[in-house]
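Following this message is one structure expressed as structure tokens.
By written order: A, B, C, D, E, F, G and H. Residues from 1 in each chain.
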Amino acid sequence: MSNRTSSGLVAGYYLAKKGIKTAIYERKLSAGGGMWGGGMMFNKIVVQTEAKYILDEFEVGSIEYQKDYYVANSVETVSALCYRCVRAGTRIFSLLSVEDVMIRENDRVTGLVINWSAVSLANLHVDPLAIRAKLVIDATGHAAEVCHIVTRKLGNKLATKTGDVIGEKSMWAEVGEKELVAKTPEVYPGLLATGMAVNAVFGLSRMGPIFGGMLLSGKNVADLSAYLLKNTSG
Amino acid sequence: MSNRTSSGLVAGYYLAKKGIKTAIYERKLSAGGGMWGGGMMFNKIVVQTEAKYILDEFEVGSIEYQKDYYVANSVETVSALCYRCVRAGTRIFSLLSVEDVMIRENDRVTGLVINWSAVSLANLHVDPLAIRAKLVIDATGHAAEVCHIVTRKLGNKLATKTGDVIGEKSMWAEVGEKELVAKTPEVYPGLLATGMAVNAVFGLSRMGPIFGGMLLSGKNVADLSAYLLKNTSG
Amino acid sequence: MSNRTSSGLVAGYYLAKKGIKTAIYERKLSAGGGMWGGGMMFNKIVVQTEAKYILDEFEVGSIEYQKDYYVANSVETVSALCYRCVRAGTRIFSLLSVEDVMIRENDRVTGLVINWSAVSLANLHVDPLAIRAKLVIDATGHAAEVCHIVTRKLGNKLATKTGDVIGEKSMWAEVGEKELVAKTPEVYPGLLATGMAVNAVFGLSRMGPIFGGMLLSGKNVADLSAYLLKNTSG
Amino acid sequence: MSNRTSSGLVAGYYLAKKGIKTAIYERKLSAGGGMWGGGMMFNKIVVQTEAKYILDEFEVGSIEYQKDYYVANSVETVSALCYRCVRAGTRIFSLLSVEDVMIRENDRVTGLVINWSAVSLANLHVDPLAIRAKLVIDATGHAAEVCHIVTRKLGNKLATKTGDVIGEKSMWAEVGEKELVAKTPEVYPGLLATGMAVNAVFGLSRMGPIFGGMLLSGKNVADLSAYLLKNTSG
Amino acid sequence: MSNRTSSGLVAGYYLAKKGIKTAIYERKLSAGGGMWGGGMMFNKIVVQTEAKYILDEFEVGSIEYQKDYYVANSVETVSALCYRCVRAGTRIFSLLSVEDVMIRENDRVTGLVINWSAVSLANLHVDPLAIRAKLVIDATGHAAEVCHIVTRKLGNKLATKTGDVIGEKSMWAEVGEKELVAKTPEVYPGLLATGMAVNAVFGLSRMGPIFGGMLLSGKNVADLSAYLLKNTSG
Amino acid sequence: MSNRTSSGLVAGYYLAKKGIKTAIYERKLSAGGGMWGGGMMFNKIVVQTEAKYILDEFEVGSIEYQKDYYVANSVETVSALCYRCVRAGTRIFSLLSVEDVMIRENDRVTGLVINWSAVSLANLHVDPLAIRAKLVIDATGHAAEVCHIVTRKLGNKLATKTGDVIGEKSMWAEVGEKELVAKTPEVYPGLLATGMAVNAVFGLSRMGPIFGGMLLSGKNVADLSAYLLKNTSG
Amino acid sequence: MSNRTSSGLVAGYYLAKKGIKTAIYERKLSAGGGMWGGGMMFNKIVVQTEAKYILDEFEVGSIEYQKDYYVANSVETVSALCYRCVRAGTRIFSLLSVEDVMIRENDRVTGLVINWSAVSLANLHVDPLAIRAKLVIDATGHAAEVCHIVTRKLGNKLATKTGDVIGEKSMWAEVGEKELVAKTPEVYPGLLATGMAVNAVFGLSRMGPIFGGMLLSGKNVADLSAYLLKNTSG
Amino acid sequence: MSNRTSSGLVAGYYLAKKGIKTAIYERKLSAGGGMWGGGMMFNKIVVQTEAKYILDEFEVGSIEYQKDYYVANSVETVSALCYRCVRAGTRIFSLLSVEDVMIRENDRVTGLVINWSAVSLANLHVDPLAIRAKLVIDATGHAAEVCHIVTRKLGNKLATKTGDVIGEKSMWAEVGEKELVAKTPEVYPGLLATGMAVNAVFGLSRMGPIFGGMLLSGKNVADLSAYLLKNTSG
């Protein structure tokens, strides 16, 4: 899984809980992306009632500040997501970037081509290595990096209207969140997406600074992955 | 209102005078954009007779140097625009950038998604916040940043010939100024433009270093905004 | 006068009121320095009772939020300082940097060597020009740029304990403000300082985000300049 | 407390456990510094027997790979330190930099002058704000940033042989770790240090990639702080 | 005329000789572009027999090193071109960039919109000024900057097959030189080109390091300009 | 030959062995490209049985670590390729970049337009020189720089499905290697390709970190070149 | 001679006139330094009566605008200096930097260690070459680069009060010019200086934008060099 | 051994020949430093008679172009040094930087603290690892990086006149080469130097572009190391 967002950490947690061996490749030094800074550097995040059970499962404190909206400390939330994800058994490898995907029979994604992030940051030319995987999840947020690699290398063949990454629309938080949870995030044979990457790939509305949809999306993609792994390899 | 130009300050002043609650989000530390430097760093600006009454209302001194053309000190002009705009009741928030617009029913612009300018300048990843507004005015000069966001996110649906931001034509000052004042600056439901942004959006001729059209455009968009707010919310 | 701070604008205003011909060379495009951003980008500044009369004279609104402390809008304050300074008759030339001072008989500072700021920002090599002045005021904040030029070019001959720019001490706002107002800001024959430059030159305590001392320092240096000009040239 | 290292998080945890109200100002977006990357980007850290109880208290898994040396996952460790630190009640404010210290009677450090990290990263000029504190802990690693501020502003008055920050010596891990734990980390009235900052300030030997001393140092500074707060304010 | 190449200097010389008032706006500090460095930093240039008379007229020494090819010192050549161009009466303004063209009736180019080069190099926002001209010559080399401005602002209306700047083809020196001299360099009403800009605009073959075509092209555009000025204004 | 990869060095070696006078222009200071760093900075490369004879011919040690796969030290391999290539008689000119190709009758590539790499790295403007060649080989890896120059200057006329550089597909090492060896690497009259440049030009699958195909491709292009040179010039 | 200023070109001219073989190594692409831009980018320079004969000898036009002060076009002046310098027989090598001096018996400077300027601009590591010379002249302006190399490599042994480069004092044009002309510019065995480098080395007053002293200094150093060469080698 | 120069490769070769297990940590991607570019990017190096036997041993061709001076191809030389060094049994690890030394009893250097070069190039904070070594050789050229670390960390205790790195003097090739070969390159207990690092540490004269001393120095340090290892560990 290629990760930069909180939905990736949630997915990693639930996948491990289901006994699925998962590795997260994190481009940055630390995991969790922008969630550390909350909204505009004010260290708070907001979660709706529907997703509060995930905060509870990760043992993150929250306060109901108006009906159906809970506020949590952003640093506590992101460190809890990361801690419990690793603790559950998923491995996070930091400072690793995805350069390409591996493709085999039927053009199915069967792994990732990775390299040290420091190599490209330092503008060096060093060859990457390849890692096999039964399923790949794109958790790179609105950049949707893995999905973009697929369209650039293999043509516009994603499971979207145009076959390409459509790009998220302007912000309409309630609609964006609902669309996100409703969407089946399988974007290509062997490749799923989660979190804002789903909004970007399918052209859904941008979500606001309310994080519930993100957390639920991580849970959903873990459930779908487990289903697919049982049925495709069975 | 997203601002970087003098027409935005003029608009802010007249909106406040009409009792309309207005907030200006200014990407830079200081307001007023390039007007501080006059033409080519020589601290003078020129205004025609038609717009001189605005200089007078802002208590900016000017001298008639040839028939129908008045010259003013650029530093005095821009600080007066800023001072009287705030003084009239409009709030200017500096170092805030517009990342996106909010959209709701009927794809109408209903607010802005803002973030600290320092966040992107420092290449950080921090989530933005959203602000509701009954009307949004794009006063970002020839960059027309808010209008560009709309076309990128929602497709070419602006009230122009192509639906897109057409881009200002080469300089023909007299024609550009006249076209600017004549144009109704409503570019999208909920979104107006003012100043050079109007020239850019509708593909009008570039204006010269004569600032009268800019000032009048700020006055015009304030009048139109007041009319729209009374009629749409009434 | 070489300027980057609000105390320079206050000094420019009072000098003009006294009928003294004053020019301010501002390194940046806009005047007023960091005051636009208030404290930590929250657009507020605080002024004590002693300095409130200056806010009143510049027609800047303020509210007493606790005994002896008034809060004002930072954008309104800085644009008012700039506007009224120019309006009073002082000329502000923006985008001009001070490269050196002119020295004549008795090593007295008799002018400034200036150049376009854009020249050094663009890393070009273009020769500067020289401007004569009866008195020079260093209003460049804690950088104390003009004073540093003097020590670098002429040796440690400033009117300080070491002869050098001592550097401001850590923050102790109340003490720093009192020391600033008490200090006679003549640092070298022909060269005065104002605002944080005084703290830096004489090694006074750093002032907090309370701006009263800055404003009073601008008033003081104007008074002292008028006195010196009358007595040295008389 | 100014933080960039794991010892700061450990200190924050134990301070909160003792009921002391603590705030951590973290310059980066995420907490934990270089610990995320383990040794040379291989995601492992090593801890000695003496410090293993801290891993256990933070519920971090570890394996004894040779006598007296335990290996742990670096991502699990750092997220656990951060999570449990916040969970215990200490507040972490990310993206905040320390620009200066506050000084009052007897030149005692009585607080910090802070600003958004994004402000200096973006090369903006915005004034900072000041925060009072009974005790300040420098947890900025071998940079020892707060201690350097004190010597730059107040002269060489630290509790070291030279009065200055001496700088850590070359690596001799066993000696460095022992010296660190043995050293009383009070460096100036009102200012303590922890972790590698202690090595840097007192010129101790550099520690290897073995993290036990770091963790113990965090525990020690918390104990000493509690003792000082009880005795100085009592 | 907007200049960065030796053909512009040749044109400036012959225009002045014909008594036509000419101004050259040079983006860099010094005129002459890459000719200072000769070929690959070896300070030599080569000129064919056909163009040798221009070297002679500018009093530049040259040696015949093989039949029909003369070699000259690149520094002598470029300084002679510049010196004799100014000496003949043409004014060169250095550090001035062309931002746009002026357009009036019939979309004819009637002048240039210029600004200090330092302004854009320093990333400042300062308004430009406009200069009227009866004819404009694009002498900006293979960048063909003025021609690109026209197509960007006014659409693909140049006197080329596509209406756009076609871009020079790969190197075939003999063919490129012949095509250049044969081509009538009028690219738009009011706008001519000279030197490599002609190759770029019309898609001619790239010329080698042999400079004869460049010099002849400067002479040609001067002749054509004189003809046009006599006939259009007459 | 324009070079940045190991296949270029192999080609240079075999060309010299056949008595063909060959020059390699290397953009960097040192030859061999990314092979120095092995896979992800771990100094090993892997070669299949089919290509092992090339390692043997260059006197590079290797160990069979699993059936049909041999591992070699990357630093030994790349320095051996470079050493034996020069030793065989091919000249390597380092720090030279290819800016353009020379074209003559029938649009056939007849040479290269080269310049010092330092010139463009230093952002200088200095004219290039031209070098004639009977055949040009693009050995610039997946950048396929020379082929890109041809399509940009001469239109989409390469010997590929689209006439353009298609771009390599995602990684499928076995398929990519086989396709590479099978492909006749003549891409344009007078222009061949070798190594990853072949994959990029013809849109073959990306090869993994297994280098056998690269080495064999260098051998192949040398054989084909020898054949062409004998038959076209004969 | 290491050059970046107009005095170097004047010296080169007079040296060639005396039949002395001279080479100028110019760090930049073009010669003449900041003189192209005149004062503050206004293309004019001023020369006093004493130096007007040099303008006349170089055939540069000038106008007396007030008693004893002549104004000339800066572009004409600098291109004339360069043209006549090369024309007289001195060779100018552009884009060459001086990295070090050669020293032999008696620590006398006996040559220069030079490298392509592009090499350091491009941050490459390439070894320099060495050039023998009977005399070296530092004409690098106020940077006094060659003199600085000597003090850094050989200790403070220059013919100045401190043995070091003292640095020019603040501007006092009349005094600076007189001191410059009066000073014998031999700074070290085998090393002379000219122009602003003399002011910098001996700590003379800075000259204003009046260029007479610069031109005379170039003439002086040529005379002194001729004298020394006749007497030391004779 | 920390390496960036050809003398390091020579030392590595002879150490391996003596059966001493040696590792070279190379900061760059490729080994050999500036030797790839020859003198001023002209791909030649010069070697004197005394050192020619080393060229012969490495099987590098050379031609006597004047008495006692042989010229060789720089690319052939550097790749031969690298190839035969690895081939002899020494391991070269590229992209590894030395951050510090390890010190133990008697302040003897007992190893190196290393990190990926990409980590600091990418401005990341990742902890280093430590490597034990019986002897360390500083082969970092005139930067003398390891020796500088020792003086910065342990004080001025090198075996030089000042105890510090003195810095190489200006160029006097013959003297520099002789001094280099004569000097015993033991600079600190456990730390030797080779090549230009010796010149830098002991303040010897700079060597010219003649490489014989460099090669001999590598041979010498290998001999000395073998002697020391036999006698200190025996």
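In this text, contacts are C-beta pairs under 8 Å (C-beta built on N, C-alpha and C of every residue); 3 or more make two chains touch, one makes a residue touch a chain.
The structure presented is a predicted model; accordingly, all values stated were derived computationally and were not measured.
A.B. asks: Common contacts of chain C and chain D?
C.D. replies: Chains that touch both chain C and chain D, as defined above, are B.
A.B. asks: How many angstrom lie between the centres of chain B and chain E, each centre taken as the mean Cα position?
C.D. replies: Comparing mean C-alpha positions, chain E is 39 Å from chain B.
A.B. asks: Nearest whole angstrom, what separates the Cα centre of chain E from the Cα centre of chain H?
C.D. replies: 52
A.B. asks: If you average the CA atoms of chain A and of chain G, how far apart do the two points sit, in angstrom?
C.D. replies: It comes to 63 Å between the two C-alpha centres.
A.B. asks: Which chain D residues reach two or more other chains?
C.D. replies: 29, 34, 37, 41, 95, 116, 118-119, 124-126
A.B. asks: Touching pairs of chains, which are they?
C.D. replies: A-B, A-D, A-F, A-H, B-C, B-D, B-E, C-D, C-E, C-G, D-H, E-F, E-G, F-G, F-H, G-H
A.B. asks: Quick check: in the complex, which residue numbers of chain A touch chain D?
C.D. replies: Interface residues on chain A, with respect to chain D: 29-32, 34, 36-37, 41, 43, 59, 61, 73, 75-76, 78-80, 82-83, 86-87, 91-95, 116, 118.
A.B. asks: Sort out for me which residues of chain F touch chain E in the complex.
C.D. replies: 100-104, 113-116, 119, 124-130, 149-150, 152-154
A.B. asks: Per the contact definition, I'd like the list of chain F residues that touch chain G in the complex.
C.D. replies: For chain F paired with chain G, touching residues are 29, 95, 116-119, 121-126.
A.B. asks: Spell out the part of chain D that touches chain H in their complex, as residue ranges.
C.D. replies: The contact residues of chain D facing chain H are 33-35, 37-41, 167-173, 205-206, 208-209.
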